[in-house]
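After this come two complexes, each holding subunit A, first together with subunit B and then together with subunit C.
Coming up: the complex of A and B.
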């Protein structure tokens, strides 16, 4: 595996360099001036010019880019144009919030996705299967924001049992923090888990038709053992790939869910950064998101190799 | 095998029930915790203590304390106090804050202010006249964002005593002093450098800054050394950012927030209508004009004024909370020319006639807007109205950074604007980007306008001022280079058990805000 990871370094580096150039240029190609936002609606052209100079936006683009890249290597992510604070500090303030949400959502995605998939793919009762498939189809059709709003109406307004707005860090107060996290994590994970469940179900049904399953049955292998050791294990490959891809979606979906549940995470930082042309924040978040996606893909390949002996890393 | 699975299932069932019970027990504590932080109330006397969670749609911007900014509406006057407070509902009735009294000379060109003694900054340092001088100097810095820089530029401020300040001005202070000082809160010279990034937010206000998370929230704690005895009532304010209007509604209904600003009018009405728990709160008055720089023919500009159904905009976009007098001036101002209001009441027939006279049927009217829901909704009605009278409107919707850049560059065009009505006509003519003589965002500029606007700015007596405003308004109505469509207060919601939620220029003054017993 080490050789596999080392071989991937050049391509990962190339992706990140290309991303950094795009992330740097893209926000600047969009019309608009961050100095005008900082200056406010009544500002004169003179005030805006003075602010632009103070923010360093009047320097050549190439110089701004290399200053930023140079800073990245020394751990300096730059300075927010809007808040005049280090970008690393802004991200640090929100990272825990988004990680908590992404991790719990990830766990729920795996539990519900694989759980529902196994139920749908293995249940013998017709009614049970209809129930599971119905649930699955309903979740597949419901986007996270809709699930979020329904959860708020149900558990926050009709029956006030869980908080629907704000957040408390789990590390600060695990008991309270987890309650603030449950509804947003469910809203994010449930719709995505339906896609994973459908993959697991379809694959399980297909694997059941394979010759080696008939062989195992004829050899008298107990049904539970066939389900777990043969059918399920051989059905998880596509689900693992889907979960790997969905992990990136979790971060993207967090933008909407954070807004609905009033959580101040990285998603909200990205949105406000884009709205106010806070280039320095947006460019770091873009590169960070691509970096996480690349790592996610590498991990997916490693897990796939562990699940399927035919897949070799190299 | 089967026998062994039953206990396992039982164990699993017990575990699930236990987990659910644990969650249920825990859940109530999270919800209860939020409710217990606020004091319950009814109608009665103010009680000491309690926390207010104030939700705002945009994040605090600490570098803009010298500006009237929606982003700072719910925290800045809790920390930074001005010399004078002015309410937009009573512009001509300024109230003492850090200045106890002030006197303007007969010619209006100088003013002497007596400052409050016994006031200290949150650092413990005493407030003196030197702090006023320092504050004005900082507001004038080219890179400082200040709404009143144009007026301050003509001032000389001198500390004529430890608690006395004398201001001399190039233009009369009669109609501008109060609003200008109301929008220039006093900052601390020792910690001013920390204001740029929010690392040090030190004022004289009733609350001190406990923590500040850029882009997210500001948590304020009671200033126990506040100069007003017995105030503030509240122990704590959490000013948090909730950008999404639906999420703001959810935070109110779930009991998390007691004050909410920046949600859509429709959401504000849905929360408050028929509710014993919430009521509407009027914040800062704003005017929503259309600027017609790209329509050369005066008759077509007038026709556009007649064509737009302002009452419909008021009803559909602002929930009927605004006024549609068609004048740019605040009705609360003493010099408000009431006779000239309603000059462009909705009259599509008159509009068609003027367009026909000008031979302008089918003329394209490009309109640039900032991409905000309120402005977009306003445009939809305007476009419909203009189409009805035979014009051809077209839309360019821009993101805020692009819109503000284009306007400040003075590139012209027709645009829908949003401005605060923070003072008298004289004040607006010097500070407002749609009206001012220098550095204006509009392009319409004639010697007559300059002369009439200058007469308003230089008026020293109330009579002179009223006459000058009347003449200028007549000219503006005739030229029709802009039409004020609706004047409406900002949409906010407060819990009914909160009392004395006073909003002045700059924002909410929470010193006297309390929960009732």
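Coming up: the complex of A and C.
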């Protein structure tokens, strides 16, 4: 396990270094003087000069980069240009909102994805299978924001049972908080779970054709046990990979979902940062998002090994 | 006996002159039920978008008397927060969306293919481009868009670039995959032994064989491109107001969803129709490409 993780260091490092360099260079790619863009049209020369110093634009490029990276490692994420507060504070304020959303939709993604997949892969009734497959195909084609709008129209407008705008922290008030959280989390999880379900289903159908299933049947293993111990266990690998890979998409999707449901999370911070040229904030968020996506993929491989003893990490 | 034997090559030649095979195959894709539905939908959508200035000569920013009016005879989908007709703006929004995807996706297709085929000219160059494509692939779709907006600001160009760049890895990998498998085929080896020029082998033998999967990928990516536009516009990083796009309308419409659901339903349905048309097209093309 440790050896496996060590072996993966070079490729993970390449992605992270490339991302950090790109994120670092972004404000420097802005046509004209980025400091002037930040300062706005009627800023005085002193203000622009102060922002130049804050962005570190007056020093050599390479030392700017290493200062910035060093800051990321030591927890100094820089100063927001718009709010005049440390970036770490801004992120801290909004982290819980996005974390709640990501956690619940992650759970829903696993439950619906694997649940729907098992249903479609093992149902003996033809109608049930057609129904599940139909839902699946419909969801597969729709991106999270369309599912979100549909959920709003359904549960917020046609039947006013759930709030569709704003948020209450689940930790502050679990009862109310979950009401605000459930629709956005569903909107984010459902389309992705369709892809996972499809994988589980096709794998289950394929595994059912394998020789060891015939052997188990002829041995007299009860059908339920065959389904759970033999078919299912051998079908979950691709689903785990699919869920792990979608971790990055989950974060990217959260940006849109937060906008539709008027939640004040990290996605909104990134969007408002991009709108108001708040470079220091967006740079940190980009590196953070890619970092989390990479970690998600690493974890995926570890889980995969735990599930299938044939895959040995090392 | 002799007659038929004589006729076969004759008809074969007359039916498909050079390159005719591919075209008749694509035409047959459009004759399947899926292809037919895709063609009809696309003709209606593109036709409607092109004719928008003729059908609605008032333009998309003509204001009526009341703002946020419900659906009525004069305004089938109601009016928006400035009293502009939502149906008219939806059609003009479709125009914006089509102008984006029908330019950005072909550009992405050509550049991505060139990056993917670069390995044929120089092996190290091909490997470098693959690395670059891998890194692009590492950025989840919307984050790529946010980065581009950060550098050049919001607007049509940012969306165009976001779509074009996001498509590069898909096209590049597909082209490279095709190149690597075709390069090993006997007919390519034979052509090389016969002393055919490398550039000729590329253009005459390899390229025609990677075009099919690339075209399927292009129509699949049209759908993704539509959703990239919508995603970026919904969060407010898309087309600048007052210009309409389907995503930009959803951005504002979501605020009024309680009072005026048609503000979201109109552009939303249009978005789905557009996505459906290209999904059907890609299915039909895929069938035609694998059938031969």
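The rule is short, and it goes like this: the second predicted complex is superposed on the first by the 267 of 314 C-alpha atoms of A that agree within 3 Å, B and C clash if a C-alpha of one lies under 4 Å from a C-alpha of the other, contacts with A are read in each partner's own complex, and residues count from 1 in each chain.
Criterion: contacts are C-beta pairs under 8 Å (C-beta built on N, C-alpha and C of every residue); 3 or more make two chains touch, one makes a residue touch a chain.
Since we're looking at a predicted model, the values are computed, not measured.
Enquirer: Could you say whether A:20 touches subunit B, subunit C, both of them, or neither, answering first, second, both or neither?
Expert: neither
Enquirer: Go through the superposed model and pick first if A:157 touches only subunit B, second if only subunit C, both, or neither.
Expert: A:157: touches subunit B and subunit C.
Enquirer: Answer with first, second, both or neither: which of subunit B and subunit C does A:260 touch in the superposed model?
Expert: both
Enquirer: Now for A:175: first (subunit B), second (subunit C), both, or neither, which partner does it touch?
Expert: first
Enquirer: Of the partners subunit B and subunit C, which touch A:235 in the superposed model: first, second, both, neither?
Expert: neither
Enquirer: Examine A:277 and indicate which partner it touches, taking first as subunit B and second as subunit C; both and neither are also allowed.
Expert: both
Enquirer: Touch check for A:50: first (subunit B), second (subunit C), both, or neither?
Expert: In the superposition, A:50 contacts subunit B only.
Enquirer: Quick one: subunit B or subunit C, who's touching more of subunit A?
Expert: B
Enquirer: Would you sort A:41 into first (subunit B), second (subunit C), both or neither based on which partner it touches?
Expert: Touch status of A:41: first partner only.
Enquirer: Counting only touches as set out at the top, which of subunit B and subunit C does A:31 meet: first, second, both, neither?
Expert: A:31: touches subunit B and subunit C.
Enquirer: Once the two structures are superposed, pull the subunit A residues common to the subunit B and subunit C interfaces.
Expert: 30-31, 149, 152, 156-157, 164, 259-260, 271, 275, 277
Enquirer: Per the contact definition, I'd like the list of subunit A residues that touch subunit C in the complex.
Expert: Touch list, subunit A to subunit C: 14-15, 18-19, 22-23, 26-27, 29-31, 141-143, 145-146, 149, 152-153, 156-157, 164, 248-249, 251-253, 255-256, 259-260, 267, 270-271, 273-275, 277, 279, 282, 286, 289-290, 293-294.
Enquirer: Where on subunit B is subunit A touching in the complex?
Expert: Those in contact with subunit A are residues 23-24, 26-31, 33-34, 55, 59, 61-64, 67, 69, 142-143, 145, 147, 149-150, 196-198, 213-217, 240-244, 246-248, 250-251, 253-257, 398-402, 404-405, 407-410, 418-419, 431-433, 438-439.
Enquirer: Please output the residues of subunit C touching subunit A within their complex, sorted ascending.
Expert: 131, 134-135, 138-143, 146-147, 149-152, 154, 227, 230-231, 234-237, 250-251, 254, 257-258, 261, 264-265, 268, 271-272, 275-276, 279
Enquirer: Tell me, which parts of subunit A touch subunit B in their complex?
Expert: 30-34, 36-48, 50-51, 53-54, 80, 82-85, 89-90, 93-94, 149, 152, 156-157, 160-166, 168, 175-176, 178-180, 182, 259-262, 264, 268-269, 271-272, 275-277
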